[in-house]
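Read from first to last, the chains carry the letters A, B, C and D; within each, the first residue is number 1.
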Amino acid sequence: MCRWAAYRGQPIYLEELVTSPAHSLIEQSHCATRAKTATNADGFGIAWYGDRPEPGRFRDVLPAWSDCNLKSMARQIRSRLFLAHVRAATHGSTRRDNCHPFVCDTWSFMHNGQIDHFDRLRRSMESMLDDGHFNARVGTTDSELLFLLALQFGMRERPLAAMAEAIGFVEQLSINLTGSVKVRFTAAFSDGHTLYAVRYATDAYAPTLFAAPMGEGGHCLVSEPLNDDTDAWMEIPAGSAVTLSEKGIEVTRFQPSVDGAAVMKPALAS
Amino acid sequence: MCRWAAYRGQPIYLEELVTSPAHSLIEQSHCATRAKTATNADGFGIAWYGDRPEPGRFRDVLPAWSDCNLKSMARQIRSRLFLAHVRAATHGSTRRDNCHPFVCDTWSFMHNGQIDHFDRLRRSMESMLDDGHFNARVGTTDSELLFLLALQFGMRERPLAAMAEAIGFVEQLSINLTGSVKVRFTAAFSDGHTLYAVRYATDAYAPTLFAAPMGEGGHCLVSEPLNDDTDAWMEIPAGSAVTLSEKGIEVTRFQPSVDGAAVMKPALAS
Amino acid sequence: MCRWAAYRGQPIYLEELVTSPAHSLIEQSHCATRAKTATNADGFGIAWYGDRPEPGRFRDVLPAWSDCNLKSMARQIRSRLFLAHVRAATHGSTRRDNCHPFVCDTWSFMHNGQIDHFDRLRRSMESMLDDGHFNARVGTTDSELLFLLALQFGMRERPLAAMAEAIGFVEQLSINLTGSVKVRFTAAFSDGHTLYAVRYATDAYAPTLFAAPMGEGGHCLVSEPLNDDTDAWMEIPAGSAVTLSEKGIEVTRFQPSVDGAAVMKPALAS
Amino acid sequence: MCRWAAYRGQPIYLEELVTSPAHSLIEQSHCATRAKTATNADGFGIAWYGDRPEPGRFRDVLPAWSDCNLKSMARQIRSRLFLAHVRAATHGSTRRDNCHPFVCDTWSFMHNGQIDHFDRLRRSMESMLDDGHFNARVGTTDSELLFLLALQFGMRERPLAAMAEAIGFVEQLSINLTGSVKVRFTAAFSDGHTLYAVRYATDAYAPTLFAAPMGEGGHCLVSEPLNDDTDAWMEIPAGSAVTLSEKGIEVTRFQPSVDGAAVMKPALAS
């Protein structure tokens, strides 16, 4: 399990989520209170959108609390939309390439959760990718592969629908190959304009997700509230998708789907 | 606060302390039970004695639990005397040069504890070192400086006496410069033949220290027992020094002393 | 291009290849004289065989010349058979998982060379691996994949024949998929008993390989001679395989082969 | 010897010095043409001024050419005044704390050069620092110590004069303690408003320094020209100081001075 925080709104310093709040993301890197593991010390990462279409990204393998670069950058960089993540490794070794957020052209993605039996599903998941997405894979995590799968399934045009198809595909695959399925998935992703998040699980333990207004018309999405002001934080229920755009915050229902066309045409067969 | 383990006896694989036991040192790096901090993820280090007079040393800044090199080395290397440490930083940033054990020619040293107001004492402590020991300092921790101070005070000839003088000097200095004193010090050190340890504090909270027989005639010293076999582990009382040599284990009283000659002749005045 | 050195014989300290000689492997990490690139600073690694069937391994991403751990280990560890490598990255980012030697159970492998158009061949190469070898892949280099391919093709039983088939398969694949082929391959590999090396290229530029006697009845194999004693070093001609075993050194002809059975039965079809 | 580049003017992306030019700073990290060492792979760092009085800073120990974070940041971050450095270590191990630029409150400093016999001068240099500057020292390089010495000598009020006094003090010290003196010093430093640089040596080998206009009314200062447009680059002669401010570029004479008052009142005596 990991912890993450994301923001969309008027530009703010990264530190307003990452280091300054009482229960900031760095605080959560060693004292998470709502996670299976209190310690999230297997690296960290930030993807932030500025003047360019693609995000900047900064990742490293040290615990977030001890990285001076992170503190300095969080204090200097302002962004209108960013994703920040601290990792507790489940699949994949501790190295930069396995740290979230993952980035593919203008898209960024980060994830808290896990896919049971990933080792037995990985190869079939990879076989769904076309050569472009296949070659974009540099790490070994289930998270990166879910991201690439969603991109393959059309995330650029239909973000939430493609994500629902990616999860649905993995669930079906798990049933087929292992006879059972357990997926926990609380993730955020963005194209640099809209910020999406999903909270979902096949069981009753979907990793937590909270939203709160921040700054002038902005919002943040977090694994755990950044402070004790319980009135400010809205818990997003399991089985939900959140969309943060110019229109504000929208919470809709999220459930995995199986899109026949996508699944029937594996990349390798084309 | 940190966690450490040390061994002297017939050669054993490092893993018998570091990775294999139920509550191994790596386990303690994320789930210490008797420490102020459960997480000791600010680096680790091992010093082991083999065929050469000086020890080998391997240190790194990742959490011990995620370092593949450590696992592989612990499984391959056998040693008759070694020190192993996982760090939770108090003074000094997370970098290799601040990871224990510290080594100076044939001597090695590692420490769990702290000196209050170290920032105000550091300069005067350093001024006691002669040029050789001063130039040997590469990090910024209180621990390394205590080690060099003990070497300066005669550790090579009178290990426990010199350590008692080093602690005594620091305590006197703290009273003089800050009007108060708090030192907690549970440390192990060795010349490659004899293994020494000390458990001491100016208050009632001396960091824990346990001893147990291991292998054929060998012993280990640890911050926390490596398993639940409570009969096997002897808690070393505060105010004690432990000496492991060919004669077996010896526990004696330890209290700081002020050796007039050493303190009167600061290095800079010579 | 990279630089490497390997040894088989009576146990010697790693430093006798890695740090001590006038033109040691560390020296070659910044001043290689017979390589396309003089600087080999994208990480390093050592695999050494001791008392266990599987090798120990130590890899890191810093330039070899600045890593204190490497120096200390090379000075302490003695081994009867070891492989040491400094990397100049061609394919794959700078991270531990991409540093040679690669290890799979008792086998180790390191490589200097390259496969042209690897990005277009990679996926088909991976598709030849059965699930066990596929899941053993953790990095993104062509070298690791060649190693796994050779293991898949029977390296454990027929080391040189399987390697010849792996190279032959890649060459055929390159012709099929890209219309051309360029492979340069100077590699060492071992099961902990016998040390094998190959020098081969599809063009006239097979990376150099030299052999010399070392210690009592031992031999070393290196990318570049470790000193100026030109009489001591035998250049291994391109298109050769070297076998170091209890019988001494044997140099035989090496050329890629296409073993019909292996190629006809891709793992995914089984 | 190291390589560096600095800029003052209208905000530009860091990449315009660091990664984009034909002979960018990253290019110089492996192929410097005017340095004693072609390879500058012992870490890198950037200090940039944005909306806050103190600079942001990003440093790491990998070769600059292989660090993905550096590439991404250089592409995203725009700054009106920044310093960038790639290191070839002379004094001090490879670790972040020894990477330039050094920062103290709003000031930043980076250096290419060396002080002969630094090991014998270091302690006396440190003894000139008051407690605040002494405690600000975290690394072991001569460069950081020169910076702190200049701050101690009044850099905040009289930047070039204080630097001249710091160099003068070190030269005098070297003559007194070692009977000889050799200092090579090409450095840049800034308070976030004005950018200063010095090219100086006690012998005929002052490390090179070039200046060129860049962007609208801006200038850059570099160890080596960033491209082959020889007309654009002005070589700054040895024994010079450069001041880049709102008034444009000013080159004046620089020679070390001994300010009696500063040298007579060592910090420890006060």
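Rule of thumb we're sticking to: contacts are C-beta pairs under 8 Å (C-beta built on N, C-alpha and C of every residue); 3 or more make two chains touch, one makes a residue touch a chain.
Since the model is a prediction, treat every value here as computed from it, not as a measurement.
The chains in contact with subunit A as well as with subunit C are B, D. The chain pair B-D and the chain pair B-C differ in C-beta contact count, and the higher one is B-C. If you match contact pairs by residue number, over half of those in C-D turn up again in just one of A-D, A-B or A-C, and that pair is A-B. Annotation: 40 Å between the Cα-based centres of subunit B and subunit C. Under the contact definition stated at the top, the residues of subunit C that touch 2 or more other chains are 68, 93, 96. On subunit D, the positions that touch subunit C within their shared complex are 30, 38-39, 41-42, 61-63, 66, 68, 89, 93-94. Residues of subunit B touching subunit D in their complex: 93, 95-97, 119, 122-123, 131, 134-135, 138, 140. Residue ranges of subunit D in contact with subunit A, taken from their complex: 48, 50-52, 55-60, 68-69, 72-73, 75-78, 96.
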